[in-house]
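Labels A, B, C and D are assigned to the chains in the order they are written; within every chain, residues are numbered from 1.
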Amino acid sequence: MIAVHMNPEKCSFSLQLRVRNFEVDWQGIVHNANYLHYFEIGRIEYLKHVGIPVDMRSIQSDSKVVVVRNEIDYRSPALFDELLEVYTRVSFIRSTSFAFEGMILEERSRRLIAENLAIHVWLDPVTDRPVRVTEAFRSRIRAFEGRNVEFLPE
Amino acid sequence: MIAVHMNPEKCSFSLQLRVRNFEVDWQGIVHNANYLHYFEIGRIEYLKHVGIPVDMRSIQSDSKVVVVRNEIDYRSPALFDELLEVYTRVSFIRSTSFAFEGMILEERSRRLIAENLAIHVWLDPVTDRPVRVTEAFRSRIRAFEGRNVEFLPE
Amino acid sequence: MIAVHMNPEKCSFSLQLRVRNFEVDWQGIVHNANYLHYFEIGRIEYLKHVGIPVDMRSIQSDSKVVVVRNEIDYRSPALFDELLEVYTRVSFIRSTSFAFEGMILEERSRRLIAENLAIHVWLDPVTDRPVRVTEAFRSRIRAFEGRNVEFLPE
Amino acid sequence: MIAVHMNPEKCSFSLQLRVRNFEVDWQGIVHNANYLHYFEIGRIEYLKHVGIPVDMRSIQSDSKVVVVRNEIDYRSPALFDELLEVYTRVSFIRSTSFAFEGMILEERSRRLIAENLAIHVWLDPVTDRPVRVTEAFRSRIRAFEGRNVEFLPE
């Protein structure tokens, strides 16, 4: 479990999203599955921002990255038309896997909405077996995150 | 983290779902957020099955139950048109919270697709503060789950 | 505009769907975009039923079929947990296009929920230009629909 | 059917949307149901822009507006990460109904992506029977659209 809250000051990248009416469920709050969309938008834009191309063709040919685990903590429900601030960072890189952390705040009140840990694994696109996270990815993340990203042996 | 796989034999309730084409993403596999829909269908049908009415009006008036945490482990991607078996159970009930566990197998191959732990909290519908899980809910779950559900003090 | 209601008796194929909680919006009714999912499930299952394989690989290699127009008439909102009967048929086949009609009734009350006309075009997978609907498709539909499908010259 | 293309110059309001990866289907293009989300975002932001509050509580108490018909023409598929320009306008107001038109262009190439006509009906929130579109709504739209909106007797 995520014992303590993520620290948004460790996040060098954020973006803003507007809550849409069709994301709100019968309880009048954003449906719990939609936060995975928000966090994923954060990850995609993060990758574009640090210069790692996200392209369906390149993903399927050169390499294949899949999500193997998602943890989401819902702190306070987001409401229709609220503006959300989505913070995203890579927190660690292991041999064949790495972790994205995400955190959502409501823009005006700085109310904490939700937190996410998403573990990704690098696969060989032919055999589907885990392979070492590429040096290209490691160096891009290191250049952007600096001391905020941990490189773990295993 | 879920250290070991859920045991489907502890699940007295399951249902079947067909993977739909619009749930499959550009990688040709079910998009990671859609599994939350599958697990939630499992929970709703479980509640109906054990005799706990799920009605938007009753939820909003008498009581209010919200998801505060979701953990999903993606074991093997589900593919278009596969028939999935969704196992659901309540694994523990604490003072003001309880846990649903879910497990998805592909029907033919018994391939493990994904696992879920979803922590729910019971709220006072007026103050939004946690309140004790109702006796009605506890006794229904006890009657259905028998010794498979744990009642924890805190 | 669809001047008159579709006739469900012309439909030799139907299936049942349960309305899920996450398909219901803040107004307490199924969100208007979700009916397109229901109708599409009807079309996919129709194709499987009449023996036309629906496979993402075959679609992308041998042929390519795209939706070019959707008309949806919302007659009565569907509600959480209702069981819907989705009727589907191919109503006409032109040179390079064909039409699917769909109709949704609530199972118990036979209340008319929504109607759909979806025009599809057959494309050359390389040039993306319209090509003649294949003989294989025409003969399968003719065999299943009999006199209920119209073959139009243009 | 929409005989001719909408004229974007008649639209005094537009917004930009980024195509997200989870909106792209197995064919590598935006799934046909997601355009309804894009057009609806256009309508909601249009209403906010012209000063008509969109609030789930006000909708359910004072008045009730529902979509009764949607027409979508798919002109060219939108692709992952494209920036879309969504044009929205109210084209006519009848006694108890009104029409929103929408048009989506790809921002860079000005490629026409899709067009939409969405007919809405004003309902009495108690009886659910059509009632006259309010004067408040009519005057707001007239003030914003000027001669581009038609007021039709029936």
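Please note the rule applied: contacts are C-beta pairs under 8 Å (C-beta built on N, C-alpha and C of every residue); 3 or more make two chains touch, one makes a residue touch a chain.
In this text, all values refer to a predicted model and were calculated from it rather than measured experimentally.
*Asks:* Let me spell it out: compute each chain's centre from its C-alpha atoms, then which one is farthest from subunit B's centre?
*Replies:* Relative to subunit B, the chain with the farthest C-alpha centre is D.
*Asks:* Tally the contacting C-beta pairs at the A-D interface and at the A-C interface, and name the larger one.
*Replies:* Here the pair linked by more C-beta pairs in contact is A-D.
*Asks:* Give, as an integer number of Å, the spacing between the C-alpha centres of subunit B and subunit A.
*Replies:* 24
*Asks:* With centres defined as the mean C-alpha position, give me the subunit A-subunit D separation in Å.
*Replies:* 32
*Asks:* Based only on mean CA positions, could you tell me how far subunit A sits from subunit C in angstrom?
*Replies:* Distance between chain centres: 36 Å.
*Asks:* Show the residues in subunit C shared as contacts by 2 or more other chains, in ascending order.
*Replies:* Residues 21-22, 24, 26, 28, 33, 37, 40, 56, 80 of subunit C touch two or more partner chains.
*Asks:* Help me check something: in the complex, which residues belonging to subunit B touch subunit D?
*Replies:* Subunit B residues touching subunit D: 21-22, 24-26, 28, 31, 33, 80.
*Asks:* Of all residues in subunit B, which touch subunit A in the complex?
*Replies:* It is residues 1, 26-27, 32-34, 36-37, 40, 56, 59-60, 64, 66-74, 77 of subunit B that touch subunit A.
*Asks:* Can you list the residues on subunit A that touch subunit D in the complex?
*Replies:* These residues of subunit A touch subunit D: 20-22, 24, 28, 37, 40-41, 44, 48, 54-56, 80-81.
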